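What follows are several structures.
What follows is a pair of complexes built around chain A, which joins chain B in one and chain C in the other.
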Partner chain A sequence: MSIADLQNEIIPEVNTHSVQTDGTTIIAVKYDGGILLGADGRSANNMYVGNKVSDKLEPIHQRIYCQRSGTSSHTSTIARYVRYYMEIQANELGNLPPVESAAQVMREIIYSNKNSLSASMICSGWDPYKGYQIYQVNSSGYFEQGNWALSGSGGTFIWGYIDANYRENMTRAECKEFIKSCIALACYRDSSSGGCIRLLDITQDRVERDYVQYDDFKIK
Partner chain B sequence: MDLENYTNVNIFKKVYEKREVSSIHNVVEQPHHLLKDNTQHAKGGFNPYVNNQGTTVAIAGKDFVLVAADTRISQGFNILSRDYSRTTKLTDQCVITSGGMVADIETLHKLLIAKVKTYQRQFKKTPTVESLAQLLGNTLYGRRFMPYYAFNLLCGIDQNGQGSVYGYDAIGSWDKLTYGVQGSGSELGAPILDNQFVGHNYLVKTLPDDVSVVEDTGKDIINSIAERDIYTGDQVEIVIVDKNGIRVKREPIRRD
Partner chain C sequence: MSGTGFDYECSSLSPEGRIFQVEYAEKAVETSSTILGVRCKNGIVLGTEKIVLSKMMVAGTDKRVFSITTTTGSVVNGLTPDGKSLVYRGREEAVQYEKMFGIKIPIQVLAERLAMRTQMNTIYNGIRPYGTSIILAGNDHIKGLGLYMIEPSGQCFEYYGCASGRGKQLARNEIEKVNFREMSVDEAIPLIAKILLKAQEEMKDKKQELEISIISDTTGYKHKILDRVFVDQLTLKAQEEIENEQMEMA
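For the complex of A and B:
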């Protein structure tokens, strides 16, 4: 019996019914002078809501954040690896690392392991070289820059809403309301999104968090 | 010559395998939330079943029976309706409430209403809850090999004026209960009901028996399930059956 056979025998089949996934709505939008990130708070094992207030906004570096959708364990591990590489690059540069680097590393990890990963992430933030950037890294290992990015199961329900209502150079307040309504609408239609809304505002000078509880969701 | 192929048993076996009856076995014997969605069509096999989820709870009291059910129906992650009533009146003293596939639930409820009418014509009286319980068991088992994908609770006032609940599986196995829960939230609801109505895991037992207290408890149970089950939500529908008849009321709950 070869080692490969042995491994096949030892490695158990993964029970996909009990894997925690961020059946998520995540959204990142550029506004006039910053980037706003939004995510819902539901993490579910199949049909059971394991966490109602989970945090899908994860820091990569001082001005770079990522948003996770897919299998929680996969995405949080990827984020940890990206964080590690960005720390090294920041030390080498002696300056803030480029957002593009973080997105590229994230893309590379997902691309080279795409057969065993379920991960779709958004990487966004500010750097001194190219300013504010949003990169969407999809589960096939392809990334794309844009003025806004949308991912997760709830995203499918609000594409049209965003196409109709997104404007360039919104103010921060406008953008915040826009993201709140986007996620509230997605939570309303998608049964694997819900719980609460977490918001994160990235600007050149600071990073600020915000939270909306379920009772304050506005559908109309 | 291979004689085995010419025996009746084997001919039957082949037909049996070709019709893929095994998929129906899966439906009955697997926990219903593990049933795969209706994606088999393109490959040639057709899976006629889909689970539209939803939760229903029934509690029997001394002289009443109370049903608390949510009103959401889903298909996958989509919500098809937010105000669907999964409880149907059969007689003045009896209702049926179900979880599972809505198409089958509606068909079954309509069939039972028709059977009640036939009974009334034939015997010049309304069927008792006990009779309906047996009738439902027979109806479900009559479809043993193509079951109604419905998980039922039959609730009513019996001949002695006491509340009673009958619980069923999809192929007609049934039992008289004091309370029951069916549907996607059944695993989440069962221990709460055990705690509230038998006193399991209680240090000081104070069991609710008043209608209004049981009603509040029923509402709370559906509301609690809605917090943790992604397929339960939108509204809670309360149906109370007592000697005065049937009352229905609704209250909004989480819609996410």
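For the complex of A and C:
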């Protein structure tokens, strides 16, 4: 056996240039007096977990956040562009930019580059004109407003759970528990979701982050 | 007014700190028909007067009032083709903004952008400033009602009432006398017709035409150019009233 063969046997083939993706479970839910965003913390390069605590909740503006699922590099670049346009719009308006506009810019970027991008995102937040809004922008460049939005590979496993348990006008605590259990369940079944749970609470007055460790997952 | 060589291009300031080309553009505005915009309790009224240039011209062809979007109206004076060009630019800006951001362009943003375009024409060699003043009125869900005026220099302010053109001073005085902010649009229209006619006093032996448009709650905050027949009746009535007033004075 030659040395080269030996090396091949010992060193497993790891493609370090593979694309890092947010396999992801991301969810946004409107509750009574705010919006709660939730995301898991796993970023994977194929089977390899590249990051256990990645942050898929990206700020766009003071009261607008987006959640990213798809190829990490694509989605974070899109978020950067949206941030840039929203900053300009906010300065031009002299006020907070509309959430609708952030979603529209995001949609425009995804739609005009949809053949080369892999990105499905949720854009949500508060503005003084239309209040709390959640927009889901899918990878084909279509966007839709709703009371809740769900995306990522893990989402597939919890549609039924959400249909059965979602109520309008939940309290903040109820909503938090709801999102926690949604993501915990998705992480349990989906191989590319896991790590931790990151939560973000957007209200008119403030934005607050929360973090749940992997050990604290509760699955019914 | 002489620029002693500094008035051929607007790319250089004169030693006194003036740009003569811009001042000449303002001159073109000052000698043209009066335009005005007034903010009322429930909306905005735009208006202009003009001299009918030829007896053979079809009435209503010489337009000075334009819609930029369904909720944004404008009125121009000075060199009207310049004004039209600016209105077209405004329409382009409006649709581009809506495509980009998914919301109707706020009137303030539209005014600022058009002002920037006007200003661009005051700094380059080889192009001349717009010889037009434009009054913009609009409504949007971001800032509500807004009335703006852009001058040839690119200056752009928001107003409760503004006027430009040959009857500028008289119109401004009249607007300041009346408390339009406590008045509804329907009440304001006859007064504005009167102001416009008074503003062109020295031209009164020629045939005059008025153009008036409104944005108010009765039109659903959409820009509506008032009907020709209605405005002509209004003009006749206002002329009578003015004559009566003058008789009393005498």
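Heads up, the rule we're going with is that the second predicted complex is superposed on the first by the 203 of 220 C-alpha atoms of A that agree within 3 Å, B and C clash if a C-alpha of one lies under 4 Å from a C-alpha of the other, contacts with A are read in each partner's own complex, and residues count from 1 in each chain.
By our rule, contacts are C-beta pairs under 8 Å (C-beta built on N, C-alpha and C of every residue); 3 or more make two chains touch, one makes a residue touch a chain.
Keep in mind that this is a model prediction, so the values were computed, not measured.
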TODO: Check the residue A:192 against both partner chains and state whether it touches chain B (first), chain C (second), both, or neither.
DONE: first
Open item on the list: Just checking: does A:173 make contact with chain B only, chain C only, both, or neither of them? Give me first, second, both or neither.
Closed with: neither
- [ ] Considering only touches as defined above, state whether A:23 meets chain B (first), chain C (second), both or neither.
- [x] first
Open item on the list: Just checking: does A:164 make contact with chain B only, chain C only, both, or neither of them? Give me first, second, both or neither.
Closed with: neither
Open item on the list: Looking only at chain A, is it chain B or chain C that touches more of its residues?
Closed with: B
Open item on the list: Touch test for A:52: chain B only (first), chain C only (second), both, or neither?
Closed with: first
Task: chain A partner contacts - residues on chain B that touch it in the complex - done: 33-34, 53, 74, 77-79, 184, 188, 227-231, 233, 254-256
Open item on the list: Quick check: in the complex, which residue numbers of chain A touch chain B?
Closed with: 17, 23, 42, 44, 46-49, 52, 153, 187-195, 214, 217
TODO: Name, in rising order, each residue of chain A that touches chain C in their complex.
DONE: 85, 89, 92-95, 98, 100-101, 103-105, 107-108, 129
Task: Footprint of chain A on chain C - complex, ascending - done: 99-103, 106, 108-109, 112, 141-142
